[in-house]
Amino acid sequence: MWIGLTLLLPVVAILITALPVRAAVAGTAAALLAALNVAVAATIAVQLAGHSPVTLVPGWLAIDSFGGIVLLLETFGALTALLFSVGYLKSPHISDRRLKRYLLWLHLFLLALYAIPLLNELALVWLALTLTTLFSVFLVSFERTPAALEAGWKYALLTTLGAALALLGILLLYWALTKAGGSDFTWHGLTRAAGEMPGSIVSLAFLLMLVGFGTKAALIPFHAWLPDAYSQAPFPVCAMLSILESVAIPYVILRLVGTIGAAHGSHAPQWLLVFGLVSAGGAALLILQTREYKRLFAYSTIENTGIILTAGAMASNHLKQAALWQMIAHGFTKPVIFLAAGIMFVLVGKLRISEVRGVLSASWVVGSVVMLAGLALAGAPPFAIFLSELAILKSGMVGSQAWVVMLLAAFMIVSFCAITYHLFRMVLGKAPEDSARDRSVIAIACWWALVVALVPVVVLGWWMPPFLHHLITGGAAALGGTSP
Amino acid sequence: MVTHPIMSWLNAWNQLMAGFFLLCSFGLIAAAQVTGCMRFYVLQSLFLACSAALLGMLDNSTDLFMVAGIYIIAKVILIPVLLKRTAREAMIARRELVQVIGVPSSLLIALGLTLVAYYIALPLTAGANSGTRIGLPIGLAAVFIAAYTITVRREALPQMLSLLAIENGAFFAGDAIAPHFPLIGELAAVFDVLMIVLVLGVLSTQVHRSLGNTTVGSLAQLGED
Amino acid sequence: MPRMIAYNLLQVAVVLLASPLAVGVLNRLKERVQSKQGSSIFQVYRDIWKLFHKDQIISDQSTWIFRFTPYLIFAAPILVTLLIPVLTSYPLFFAFMGDMLGAGFVLALGGFFAALAAVDTGNPYGAMGASRTRMVGFLAEPVFMVVFFTVCFVANSTIPYIVQQTWVHPKSNFFDPSHVLIVIAFFMLVLAETGKIPVDNPSGHFELAMIDESKSLEYSGAGAALVKWGGCMKFFVLLCVLLNVLIAPWGLASGTGIGDVAWAIPLVLLKILAAILAITVVESSLAKLRLFRITAFLGLALVVAVAAMLARMMRI
């Protein structure tokens, strides 16, 4: 019943948007519905933590602990993004009609996004993932400038290309499934048949899916679309894209490895490890040399996705738990940083790091919020990411694969230094005379969004709710984690 | 292996469809105008549908007959209509297309890709039936060639049509290797294809209006300077 | 044995006499499609007749090559006719002399001398036409090669009489993709080799745009007649190779009786007419390509030929 509600609420939001009401009304209603959805996702999460599975249609719509985490992160991100959008897009330059269209696409995008952890049939999971791209194209190109259109085109083309490759992978995987005598193309059915599937076919299928979904998640070297899309998309859209890339897609990839890794000679975990490490390392270097703060945060999303995939690819159960924790910590932190950056952008009106100076002296509230969010993202204590990264390092330092974790540690240090360096350059110092606008231009809804988004980041740094802990242990078990 | 005479006829026809299907991939590279690309795409979809129907007869799979019908309706009829509605301006611009790499070299590269696909598929299809032995390499080759076409084409619509051709290739292989693939999956893919046409068609029209052409390959404003 | 020789000579006679008719029909059909009255289908005979009765002028700057070439152009297709199946599906007396590769070389020899002769006179158009023909020629060469290799690969033979039987035994072989693709590739080659649209415009009169025609601009009288007739026969012979060897031996005489062979003549002419109709459709619906797009056209032909070979490889 709860699952149905999760999918029903965005549909209601779409219907409200389609009604002839003003965009502000539709936006407020959407934010309220999103808040309701967070409550629904939390209820599902609590139920899952109490070990009662949540199923609507067996074999089609059901969710387990891992999915519960993902759903919670998605709904929460959606709530903050919608709240922020209401304030951020309230501008005389943007017509009511355009705003409503924006809301419409955003709701469609969210609907597809929520469907990913809920659906069990693999072909439908693929469809939901592809639709997230297609529904977000017009969100990326929202500004309608030539640059935004270019970014939108690249984004649409490359990610759809990835989805098409993944489709071939899905078909090959089904072939392997039928060769193993199965016909139930769900996560469950795959897990049952995995031992019998021919390794060579599974290998090719997984590689195609990894490249395909990896293009969507902007894993390096398939990240060509990402800097452009992020620099052109509105800030709340960036936040949602980050959730898609660092939560929903790693969910699918890790699930795949968890189910088909058991096939003989598939080498899936090894492939994932390589891709994860390359992404984490490459992104850390990209963070160093970037010149726009939106892209800076985008690269940090890739880095975290890389860390999550690397940790999730390793056999140890502790590491898998730590990967899920990292997913949760980053998934809650990313909206905060994009929303804070959005507020900063409203204040200073510049995107390049070198053109932003002394935010703290221009407005101490904005400056300190950006500072706080940036430190949380970089992985400074006492925030959630610090703890989750520590957990990865702690549980990975034992065993024969300790070198992997050492590499990850190096990448984390590089990105920490790079993020704080860029952050201090922007926040500290003396503001140029003419640049800063009055703080009152920032809409009240934006502040609310930021406050809401900050709550879990701060709380998780000090205290882990027991239900979340249960979800993580349950989720790691679903990933095929073994005790060391 | 195949004993019944009807079967050997069906097999031969299926192979013929495979050959034509691959030729259409080459045509997509070589076509000089947007309408030409479109015709090759529609033809390719038609061959895909024929192959699905033939495989349906070979494998006794009623699903595949429905799939063939779905292809005809969606890809052969609906997509051209949709494209003409959403991207009319870019479509009827009758000028020669520019390519990053010339047509003859591209064709040779595509031939190389076909060989690569063949050698990738070779170990996987050992011991499979003749439909699979044909379908998998040809489907893979079509996927590779279409992916290559996306990178050399500079115009929006040919890029999009190559994107759709990738999907065609995937399903050409898919119909052969997994004749009992859930119908819901096929429907999902077709829905996805239609959404691609709608969204990218509208987007390319927006690009056309704001830039005066759709040479998206020469869009290079953005980038890490 | 004498009967075999007689049939062989009959083949030559058919090619000699019917080839101008084939070209005449093609021209007439094309003009009708363009809503013109068109010249009579026998016009080519009249042209040849007229040219034989005219004086021949030969530049005193030219060498023996110029004088020798018309005979070679005329003789090469006749030689090829002796080797290939035109009327019968079994080898005739002279067929032992060469296989399909041999036939290809003989035809290429004629083309080579035509190019030499065009350069020989010093006429600027001749050299231009020759260089363009060579360009088309060297692009078509690899396609010819691949087509022949594929044929050998499929039929395990280069003898045309064995090749033609492979396509119909068993009957489902006819739809073998390698067969269909070879036919398509060879059809494209015939268009390029005989100077048809989209490679060349045979009815164009503008010297700067000519490819094939400009080589024979300097000939007059009997020389011009021989070159023209040789061109017609080359077209006819290539169609015969396409129709009888590469598509199917249908309509050819399989018995050795005189009636069988006589009945084959109208059937073969009917096949040629069908091919001419196809060429008319192509020539009327396409435009001539820019010179530098010809590479794309022949590249496509090459791809088709290689695809034929791949199709064969994949089936095994």
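By letter and in written order, the chains are A, B and C; residue numbering begins at 1 in each of them.
Keep this in mind: a residue touches a chain if its C-beta (ideal position, glycine included) is under 8 Å from a C-beta of that chain, and two chains touch if they have at least 3 such contacts.
Quick caveat: nothing in here was measured; it's all calculated off a predicted structure.
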item: Innermost chain by mean C-alpha position; value: B
item: Centroid comparison with subunit A (C-alpha atoms), farthest chain; value: C
item: Rounded Å distance between subunit B and subunit C, as computed from the means of their C-alpha atoms; value: 35
item: Where subunit A and subunit B are represented by their mean Cα positions, the distance between them in whole Å; value: 31
item: Subunit A-subunit C separation of Cα centroids, rounded to whole Å; value: 65
item: Footprint of subunit A on subunit B - complex, ascending; value: 120, 123-124, 139-140, 143, 147, 150, 156, 159-160, 163, 166-167, 169-171, 173-174, 177-178, 180-182, 184-185, 188-189, 191-192, 195-196, 199-200, 203-204, 206-207, 210-211, 216, 219, 221-225
item: Touch list for subunit A against partner subunit B, complex; value: 121, 123-124, 126-127, 130-131, 134, 137-138, 141, 144-147, 149-154, 156-157, 160-161, 163-165, 167-168, 170-172, 174-175, 178, 183, 185, 200-201, 204, 227-228, 231-232, 289-291, 295
item: Of subunit B, residues touching subunit C in the complex; value: 5, 8-9, 11-13, 15-16, 18-20, 22-23, 26-27, 30, 32, 102-104, 107-108, 110-111, 114-115, 118, 130, 133-134, 137-138
item: Complex contacts: residues of subunit C adjacent to subunit B; value: 170, 172-178, 180-181, 184, 293, 295-296, 299-300, 302-304, 306-308, 310-311, 313-315
